[in-house]
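All chains are identified by letter, namely A, B, C and D, in their written order; residue positions are counted from 1 within each chain.
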Amino acid sequence: MKFLSSGESHGKALAGIIDDFPSGVNIDFSYINNELKRRQSGYGRGKRMDIEKDSLEVLSGVRHGETIGSPISFLIYNKDWENWKEKMAVEFSDSKAENTKDLKILNPRPGHADFAGYTKYRLDDIRNVIERSSARETAVRVAAGGFAKILLKNFNIFVYSFVTQIGEIELDFCDSYQELNEDIYLRAEESDLRCPDEKVTDNMKKEIDAAVKKGDTLGGKFVLFAKRIPVGLGSYSQWNRRLDAKIAHAIISIPAIKAVEIGNGVSSAKSSGINFHDEIFYSVEEGFYRKTNNAGGIEGGVTNGEDIIISAYMKPIPTTSAGLKTVNIKTKKNESSLKERSDTCAVPSASVVGEAMLAIVLADELQEKFGRDSLPEMLENYKNYCKYMKNI
Amino acid sequence: MKFLSSGESHGKALAGIIDDFPSGVNIDFSYINNELKRRQSGYGRGKRMDIEKDSLEVLSGVRHGETIGSPISFLIYNKDWENWKEKMAVEFSDSKAENTKDLKILNPRPGHADFAGYTKYRLDDIRNVIERSSARETAVRVAAGGFAKILLKNFNIFVYSFVTQIGEIELDFCDSYQELNEDIYLRAEESDLRCPDEKVTDNMKKEIDAAVKKGDTLGGKFVLFAKRIPVGLGSYSQWNRRLDAKIAHAIISIPAIKAVEIGNGVSSAKSSGINFHDEIFYSVEEGFYRKTNNAGGIEGGVTNGEDIIISAYMKPIPTTSAGLKTVNIKTKKNESSLKERSDTCAVPSASVVGEAMLAIVLADELQEKFGRDSLPEMLENYKNYCKYMKNI
Amino acid sequence: MKFLSSGESHGKALAGIIDDFPSGVNIDFSYINNELKRRQSGYGRGKRMDIEKDSLEVLSGVRHGETIGSPISFLIYNKDWENWKEKMAVEFSDSKAENTKDLKILNPRPGHADFAGYTKYRLDDIRNVIERSSARETAVRVAAGGFAKILLKNFNIFVYSFVTQIGEIELDFCDSYQELNEDIYLRAEESDLRCPDEKVTDNMKKEIDAAVKKGDTLGGKFVLFAKRIPVGLGSYSQWNRRLDAKIAHAIISIPAIKAVEIGNGVSSAKSSGINFHDEIFYSVEEGFYRKTNNAGGIEGGVTNGEDIIISAYMKPIPTTSAGLKTVNIKTKKNESSLKERSDTCAVPSASVVGEAMLAIVLADELQEKFGRDSLPEMLENYKNYCKYMKNI
Amino acid sequence: MKFLSSGESHGKALAGIIDDFPSGVNIDFSYINNELKRRQSGYGRGKRMDIEKDSLEVLSGVRHGETIGSPISFLIYNKDWENWKEKMAVEFSDSKAENTKDLKILNPRPGHADFAGYTKYRLDDIRNVIERSSARETAVRVAAGGFAKILLKNFNIFVYSFVTQIGEIELDFCDSYQELNEDIYLRAEESDLRCPDEKVTDNMKKEIDAAVKKGDTLGGKFVLFAKRIPVGLGSYSQWNRRLDAKIAHAIISIPAIKAVEIGNGVSSAKSSGINFHDEIFYSVEEGFYRKTNNAGGIEGGVTNGEDIIISAYMKPIPTTSAGLKTVNIKTKKNESSLKERSDTCAVPSASVVGEAMLAIVLADELQEKFGRDSLPEMLENYKNYCKYMKNI
């Protein structure tokens, strides 16, 4: 599967097209809508979330609840369009041009694409950058990821996430990732901040409250994991086909994510070979297995059958209500940056986007290995592979 | 530019092809050979380095020292081929099959692609995995990166690296990256470990000596930076065209790199918006500028004109002479992992590979923005752009 | 620019996304709607054309009439949706499943994707193939091509088409293509069959009338040409970057096109080198020029500055009202093929789709050579190039 | 599988890399060398063929005669390198620059990439274009195609070609393609011109002899066919995934091919629906089958299980010994085009290249449908599919 997203933050609708998705997959739309809702939740989100309540309208590729091998296209309407339809009108009209002339934004916000986008595309209004570089676009990713997750479920693969850090509050999380099971996920789902520990959640909320008071914003960290991944996705053969590289691409592409880590990647730098690498064991019941998973399920760019574990580091949201120093591009005078209605902390949302991006990469890799046309065919080929793996 | 690499670690030669490289670029082969040498250097490398002394043979794409718009192909011969030509013979012969039958490797090394590769490609000898998943392949990347760096130099863009951590020894490096200038690079070049601080280099060496004694290995961290990057490379418009995502892909694709960080990405997670984001200033002499560079030169997936700064975290080398627990794939009996002649620490080498990969991504992006056919045309278009930027 | 299309023939709407289209292009929506109308016109089209009257709804990528560098997404609604919304419902419901159970199509139409699609995607209803393999999908291409044509106009490049054959009626067209000017295009626009000769048009209509009577269908041939193409688009350097190959891909991808010809490609096979090749001349006024254009503007996979000329051969429409012999996939009994309401001849429509596909390929190539971000930047770079060409 | 080619016509060696080729395929190198020989054969080829006698040196990706999942790289040395090593030296030296200064070619040959390439890449010597745009490059394609053909054979798929036209001499070939069996291929192999009819071969030779006398050159036409193709390769779902479009891309990318035809594509334009489309029949022994194959095995962009049949139209070779009018790029004076030693007719060679390109496309599509990692896995998945097809 491949996907393209489109849509401005305050345009009429976001739109996405997924190409090359297998036929024969039953799609539960309420599941995908719930994914969209999960993206919109979280303590520390601004008021816009109340307006949006995203829901999916699928236009093609699914018939009577089942995919048919055609491209899947979908829309996510902007519920606030009525208030923006003049400012964001697609058509030119003299009156609109007149009315919006004075609304042009010329003071780029530090931390955003504003300055670079304005010059790259030779625009005359930073509004044109804001609208696309806004994280609102990630709703399309979550919808596409919803399709990917449904496909993965048919292979019994689950992709989860939880938040381990908001600002200076960190969850003291066991390095070996032995606790990684559905339980931790369920606890994360119950937390306003997708943090599996209630007490830490409370401290995180206090951290956010304090930031709100200061007109400040916060970043954080989340962990993604995928369970029951077959051995052999990705390849060490060519540099650009390594799975960890593709995942890093997908995760860093999420707005505000500034670092990505495979397994215990950051601490690996100070570890030693004897301590770090996951030794290999065998038992008749489990086959080949590991007792640790520092590698995060990927060795040499290929899945090794253990859980995939990815951490993502998110910078604080750039739009602060306290303002930041900037310069008007035209007048060259110092100004304070735009205080557009915004969130204080969006780490829980980003973790949901992270799940989507990881699911998309994995679904695509499954198709590379097991064929891409229909779910029944993929499952047959997958069974072949499992049989082969048993008799290795 | 796009490139494909090929070659087994102990095969006759590695080979690379660079496609879509501009014409009119003068190629200094000794510069690229020196890059290859830089990759092979470093305290903590094994004895194989003495054998190899890589040098480039260019077969096409360059004529009388200048690129001509044709694909550039090159070889890097294996100086030790004589000792491997039976084991790694391309052709089948009964005698070779007989002779090598007992040399099959069946105990996968933890931390390597061995287990996953053996099953993915349904092989019967882990040797076939080792040969390609070995970091020897990165010599091709460094050669391709040499071409990219030469192209970049024509735009006055320089890509550097230095090592900031080996095991537990860390260079206390100023977070704001204000010290990032050629000087730090020159000092890194003088160090056996590419570390710009002599004292820290000494401590790192001791760390390595200690690891050697224990039969252990070490990882570490290095920093890549690129100077004088034009504003506007990459795009926020579509998820897969973000420059930071492309860089993350390229860097994580380097063997043993388990985490990648844009600017102060890891510490951004605990920072706050007011403290983290790089405020924007203007002066007639400098134009728009920043006093800090926490973003590492990329905002919203697009370059903002500041230095690009990337950190990479490298796990310890998996092949330890002390051995690690593993299981024979056929017999299912416990064994100790292969102790193939190897290095104790390869962080300095990896940092040279990192330069190459970053240079390749940037060269490709320059071609996206300024055209791809010939250097004179690219430079003309680049000058147009600079003029536009001045009058913004 | 890249684009993905989506949508079922009788679904709620077709949708398209164009990615990486330059900013700063003024979009005249009525122009694109007129392109859609041109696709729907033509003597020999069925009644569905009356229903459809396609028009474009742009959702993103254009603001106040100008592109902003964001992906352009658009919808083309199905005006007949009300009559199909149960049969083509995206959601599953028991009642719908019950109601449509007996409507399953199981007799594949010869000449269509029906049989291959049914088996490839393991479907249980050929309706699911028909809906996507239908030529209705080409409306999205024409819309995307409309954007491409507008971009090309800014470089004074025009892409035209006209029909030269319907069934056995052929326009006797001068082989040297010296008549290829706007005049021929204007005359084509006035013809019901896009044929620049009135008398031939009349004969073609009679041919169509005769086919209608027999319950038969007709194919034909059309010519595409592009004027004022800069020298140097495409490349001989790598097999997959040749412009003629990319054009052939784009044109053969149009439903029912079974052959494609560059310049006088078909007759070139019986010509000789001395007669075929376009000799090179020079005058101060015209620079380098040719007196013939057998090559169709492309030599060695690269544009040579002459008009691009492409011919496309279209097979007769497979759905005949007389029916064709086929077999029910489930019962294996002989049946007659489906007589779904359809056209007798769609060559004029296909020629409009051909214009779109050629325009898209050329727009993409212009971006490869002159940069892709904004129209003003592309035009500056293009001017550089023109200056260079003058002083060659 | 993907491949990149490289190499100048008179450089030291051509080089190719095939990426993503399945493991477990036994490679018969003599088979591939024989393919290279087939490309070099044919009445009407110039003297260079005597020099070359291409043979393959494989550097990687194959071990002890079997592919191992790594990229396959190979060289084809230029046997005449000794005579070119100064003119085509990769390195700059003052003496070489001095010696070759007067050898610069400035009169572009009509019909070649010379003029366009010289300007596109801003070169100062057409030699730099000639060396890459020369058809010598197709040796790499034939080698890559040899690997693809070996893969296909494992699925019992064979790709053949034969020549049906040289200049005005045409083989009167049955339109329905019912004669397409191995026999026709064997007869083609015995002909100096790859024409399955002895008498027509003789006439073709006379045509060539006559052209030689006039200093002229000839083109022609060849037919490619592929037997025992599974149903369902390619897709109607997205414009760029249609198999006929991919094949057209691959075939038109062969130097001098100016038109490509799927099945009876050219004559389809004057046929009618009732006459053209291949009706569908069923018998217990054969399953679903056709009595005609006008579609050339592809309907709606997807294989339908019948033989794939492709025709390619080749223009006459542009380099004529009689010379053609051209203009010196620098002096602007009229000149006669270069009379570089060359061939009179290369249609038989081109047909061998056509086999290679078709085989490469089909091998890649097989991998898309049946997985890409190893031959045993692909065969298992293919068997699944055959079983499904039997019970459809």
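Here is the rule we use: contacts are C-beta pairs under 8 Å (C-beta built on N, C-alpha and C of every residue); 3 or more make two chains touch, one makes a residue touch a chain.
Fair warning: this is a prediction, and the values are worked out from it, not measured in the lab.
Novice: For the interfaces B-D and C-D, which has the higher count of C-beta pairs in contact?
Specialist: C-D
Novice: Average the CA atoms of each chain to get its centre, and name the chain whose centre is farthest from that of chain C.
Specialist: B
Novice: Compute the distance, rounded to whole Å, between the mean C-alpha positions of chain A and chain D.
Specialist: That gives a centre separation of 44 Å.
Novice: With chain centres defined as C-alpha means, what is the inter-centre distance between chain B and chain D in Å?
Specialist: Centres of chain B and chain D (C-alpha means) sit 37 Å apart.
Novice: Taking each chain's centre as its mean C-alpha position, how far apart are chain C and chain D in Å?
Specialist: The computed centroid separation for chain C versus chain D comes out at 27 Å.
Novice: Hunt down the residues of chain B that sit against at least two other chains at once, touch-wise.
Specialist: Answer for chain B, listing residues that touch two or more other chains: 4-5, 19, 69-71, 117, 120, 122, 132, 232, 235, 237-238, 373, 377, 388.
Novice: Is the chain-to-chain touch network here best called a line, a ring, a star, complete, or other?
Specialist: Looks like everything touches everything, fully connected.
Novice: Hey, which residues of chain A end up touching chain C in the complex?
Specialist: 2, 4-8, 11-17, 19, 23-24, 26, 29, 58-66, 68-73, 75, 88-93, 96-97, 100, 117, 120-123, 128, 131-132, 373-374, 376-377
Novice: Which residues of chain B touch chain C in the complex?
Specialist: 19-20, 69-71, 232, 235, 237-238, 241, 368-373, 377, 380-381, 384-385, 388
Novice: In the complex, go through chain C and note every residue touching chain D.
Specialist: On the chain C side, the touching residues are 4-5, 108, 110-117, 119-120, 122, 129, 132-133, 137, 141, 165, 167-168, 170, 211, 214-221, 231-232, 235-240, 242, 244-253, 255, 258-266, 268-274, 276-282, 288, 290, 294-296, 299-305, 311, 313-320, 322, 324-327, 329, 332, 334, 357, 388-389, 392.
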